[in-house]
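Below you'll find a set of structures to go through.
Two complexes come next, and they have one chain in common, chain A, joined by chain B in the first and chain C in the second.
This part shows the complex of A and B:
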């Protein structure tokens, strides 16, 4: 998992932001279009294009049938049932290209989110650092302590809950890429915090399970660790035309890649 | 944080993703994401449409009930199916039934009735089917021929349709952008009887009935236009012949064009000529370049159309319909379909392309009502022929293709129509279904010479191989009758088979314009000239009193009606038409001393409808074996008056209507021994419990009690005049010949 994240990050850190992270729209336009074109090619060669064209033709035929024979209720019901059936067939035809596309698409979109969904915390801001322990671990919240790096400070004493969670209010005093050290028993876990400065890929959370694949900004927590997650509330990055945050980046990338795919399908001779 | 949990679930399994709606779909990827989105949209539209229709159905039904009542309350039938077989001849049908080759027609006649059906005057499809559609004669629906003349210019114009450009345009540089649809008007008068049924909430499906283009909207029904739908070039069918054979200029054909090909090794580069580019100010035809690569063994070729399809053509086989998209500029495209046939590759490459039909899936102009009906049919059964005269008779007449290629084409079109007809019969639970098949007409036109060993058109052509073509087409119609009957064999359904006219031989062509010249009724500007160009080029209108155009009509150059009319209304006019009729009826063929003309109808006396003034003043009823010559039909004056017809188009029906009645089969007995085409719409109105409108000229021919029908069973062929036994044609053996026949 960590190896994959390292490789993917190395590749995309190299490819992304050729003009710096400040110009977010460059990557957010170019890459979804490339995704769209790539997906078209995958779709073209992994799907049964003739069958898809045929089922689409039948769906539109039945839709027209509903309109043309609207006074024949039996016919309307029959056509409706057939459309539902053909839709299932249509979706089934899409499973193979979807299965082929899903891994590279996720990899790319995860990296787009990592690079552009969040921004460094402004100096002076106060955020929550949140640690969650594995309930099965042999340590408790009382065994957890935090070492605050220079340029940040603890704004209040930690709050420990009975179910193994610890919350710290931390304050960003100085700009920089700071690293908190969280001691859990004998082990130390680091958590980065980007404060101030120019836009860049910022760490958001560290996770122990496979979901760490979705947050490549920091190393995953080792699988034998007593910690489940270590995360810091981050500021979403406002970008013109795009909704803030992870969902905004994902929706933007999806819509733009779809638009690119649809616009170019005839050029590439693909039936969607 | 909440979103993160959603996010994590997205990667679990793609199938789950497809069936759940969440932001996680972003990770599916555009292709499948779009598919999913599309599916959801389709389902949404479907449910919305279905629910809207189902929820509003009781309200609509109630409104209909209040407005028009229950249309079937007094109906004698819930469903009427009329199979139209253009040109089916009662004599030929009788002969083939006697031979046991038409068992389903035989059964139909035995259960109900088979009689000749009185056709229209004149006896040609646009006139007859207009009578069928409206229930009135030509002087009321105003269709007398395929063509008429523009009285202002004497130039030919289509009788049925007026097509022009858009009323308003915008000029942008070298482009002319039309604002709105082009002008299209059906010139046929009166109204279709299915419109009357629709107004009374009786559903109809009308397919390919001639002279229904442009389609006229009506309630409660679907219509696919037939004869007179143009091809994409706006003509009534222009084929293309690509050949390396011709040296120098390309050959000139009627109804087609030749493109000379230059072969470089196995590769040929040429172009398909499409419609006029009305978007460009400079005009010109749009073209589609293509490359034809001949296989080394010469048995096939690869046709690659620039920016379009690439398809493998096999020697002596038709391709499927190929989509041809012409780009006019400004992103405007026009789509058509055509089939290709690779005739030969060695020593010459000969490639035939059918006329470019309007693409039914993406029609350049409306060919159905509602417009989506044509699209629906294309999506249901695949692309299909849309051209009015779909079977390309001109290419065979020009001997570009042979009988086999023509026959295969005709049968293929027939198969398409069978599918749409059977489907319509199945889908219509109550109401009217009518489809007209042209195959019977076209094949008889082109293969009649096989019935006559002495036909002038046989010279230099095969006379054996396709002797059975006409019977085969009748057998095909018989099989269709069997299939339809299986679907409509119900006491509440009535099944009829009709044809618009019969058939006879066409051995000799008479140029009436030449006859008018010889008899001092038509003059040429050049006094030394004896011939004119087409469309009266060279005719002196200041002295000409009469001229012929089309297949049976003679126009008097009437003062006040024609641009340079010289014949006064009243006595002069009446005397002239009488004189012409009398002389024409005495016309003798010098080749054998036979009479050419059976009778001549004087329109102003024969017709009494409001549009009789638009009729040709005289309608020539030829004897069997004769017809207006090809040159006469296009307004040309030739040296000779009567010549042999040597074209493959060797049978015809533009003769005296009495000798070419159509057929009438019904699964019930009828009231009369002499049913008429004009009776059919009146009968259908009555079968559905509706009053026959006063303007209709027909009457109900089915009895209210099926047991009471006086006319039933098989036809006695001795009641036929000439039908099925045209001069020279061996339809009946000599001992079977019937009354009225000439030897």
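This part shows the complex of A and C:
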């Protein structure tokens, strides 16, 4: 998992932001279009194009039946049932290309989110750093302490909850890429905090298990660690055209890749 | 989502075009005019201001008065903030703009209604579907204020206008001027600020204005230290489960879960509210947190507000205060500014801020939930908001623009803190609400707030472009409020108001008044209405009788003496049809009660209650007031230019703003330029 994140991040950190992170729209337009084109190629070579064309023709035929025989209820019902059946077949033909496409698409979108959904915290801002312990771990919230890096400060005494969570309110005093050190028993876990400066890929949360794949901005928490998550509330980045935050980036990339795919299908000779 | 063509973008584009076109465009530009910056400081009193200037406590005010002008400014009749600021906004008196009081009465049922919106009409029918009630028809209530705001006239003349926190602008009328509403803007529950107190100890409050939520602090980890409490926070009314026109009861509001986690060792806690959370220290306020309430399942219609918490005490007993849930400035559920994106611009520049009209936690202080220290500390948060707004305005102010910024620093604090020491009459006897234990620490709070405004004035003067016309104005002054008149009780005792079944006390709202025998009744802080036949639902006074009845009432009330001290209670009675001009005069009260210094209408009578008592001490913490005769509470006017005339009132400031840009006043505007 961590190895995958390292490799994916190395690739996309190299490919993304050729003109810097300030110009978000370059990556947010180019990469969804590339995804769309890539998806078309995958679709072309992993699907049964002839069968898809055939089932689409059959669906069109049954639709025509409904228009022509709309006074004949029995025929309309029969044609409707056939359309539903052919749609199931159509979807079945799509499963293979979808299975092939879904992993690289998610990987790329996760990277787009990591690079563009959030922005560095403004200097002077105050946020919550939140640690969640594994309830099965042998440590308690009392065994957790925080080392605050220079350029940040603790704004209030921490709060430890009965269900194994610890909260610190931290203040961004100076710009920089700060690293908190959280000691849990004998282990130390680092958590980054991007403060001020130019737009860039910022760390948001460290997670354990598969969820860590969704947040490649920082190293995953080892699966045998007593910590489930370590996260900082971050500011979403406002971008023209796009709703703020993770969902906005995902929807934008999804819609644009679909639009690109549909617009270019004839050019690439693909039947969708 | 950020707007594609934001105003800033368009402005930049226009500027770029202008540069490109160079001199070709220069000939088409209107002659440059200096701009206007208006500080609207609610409640500044000329007596207090003059004394503090003379004592050298207000160097910036004194400098402005010395270099420019300083004089009294006539207030509205009655001198209530919504009325006064509406006079200023429209250049009309209440007969023109239709705002006569904080409260009006609905002649259809005599009930008091907010003056902000027209009296509600018949509720629409509704469709009931899967347990939901969907109103069919009906429309959002508009703003009741008539007339044309001066900022609309300026925008028509291509003046860039920004108005920050103007009172009486909610519901927000559409406008091309950038206007953020102030006093009168509701919280998410639709009221003027309902707080919530989470506590595990019995609170003995009579009819508190907030929700008291009793909680039990549980020891979930069984370590012997209780640490977790759960409760709810109420948000907007559950509109899709209320019948049209139904007034929500406490169970009819949408709620989110609130969980408080108290640290076992530290005086701090995390409050989880809905999907958000914040950390709060004992004795301090948390930051704002967004909280979302779902009107429909699966988050299909979220209503977002903001709330902040104050930890009065975490251990050994829990007392956690939640502010009223404000409309979120990041995405207000209802328009609180025009154009809609102006509030987003403010939010992007100043962050979260109080959006409710009266952000000071005065209800908590009145209820005794807050002490004076806690109240003053919270007012400081409001002042921080104001400071950021001023910076925001100054950053954007360019020569030729007009900007108005409202300051609530002095008004609310004079209302709430006057009892500690009278800043106007140093030799006055102690206020009935005087508390020797708390007074010494707060005796000079009001003066401190004057000093704070003085500092703001200094900053503004420093940063304004040369030639800008600076106007500092208040809508009214202040007086002590020591004795309260139960006007409806007086009307009953004098035979003008009759209760059913020989009762001595009752309420208009609960149907206790025998309207077939009642000739006059009071609703609002200064309003007195005749029960006119054909106008009121069960009117009995004919038009022919009205003149004589008004004369009789005026004569008797002006002769009324306080049995406690022989003081005149009512300085002057005003006939509505004499003091008001304009088409909406008939909507107003028939008589306006101009109370003497120190007197005012009781809250009970204002809301339509008929009490057994007639006059009694005002022991409320609401101890300063201005709801009196206009003659005893004039406001102030300062400008950085010399004035050659005096005797101006609020509508004259409006006329001055229009005149500055060569704009002709509209019909019905009554003021004249002060220059």
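By definition in this document, the second predicted complex is superposed on the first by the 272 of 272 C-alpha atoms of A that agree within 3 Å, B and C clash if a C-alpha of one lies under 4 Å from a C-alpha of the other, contacts with A are read in each partner's own complex, and residues count from 1 in each chain.
Quick note on the criterion: contacts are C-beta pairs under 8 Å (C-beta built on N, C-alpha and C of every residue); 3 or more make two chains touch, one makes a residue touch a chain.
All of these numbers come straight from a predicted model, not from anything done at the bench.
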Partner chain in contact with A:26 - chain B first, chain C second, else both or neither: neither
First (chain B), second (chain C), both or neither touched by A:98: first
Chain A residues touched by each partner, larger count belonging to chain B or chain C: B
Partner chain in contact with A:162 - chain B first, chain C second, else both or neither: second
First (chain B), second (chain C), both or neither touched by A:239: second
In the complex, chain C residues that touch chain A: 1-4, 219-221, 223, 227-228, 261-270, 277-281, 284, 287, 348
Residue numbers on chain B that touch chain A, as the complex places them: 3-4, 7-8, 10-11, 14-15, 17-18, 23, 25-39, 42-43, 45-47, 49-50, 53-54, 57, 60-61, 203, 220, 222, 370, 372-373, 375-376, 379-380, 427, 429
Chain C-touching residues of chain A, taken from the complex the two chains share: 126, 128, 142, 156-163, 165, 167-169, 238-244, 248
Chain A residues touching chain B - in the complex, by the definition given at the top: 35-36, 39-40, 42-43, 47, 57-73, 75-77, 79-80, 83-84, 87, 90-91, 93-95, 97-99, 101-102, 105-106, 109, 211, 213-214, 245-247, 250-251, 253-254, 257-258, 260-262, 270, 272
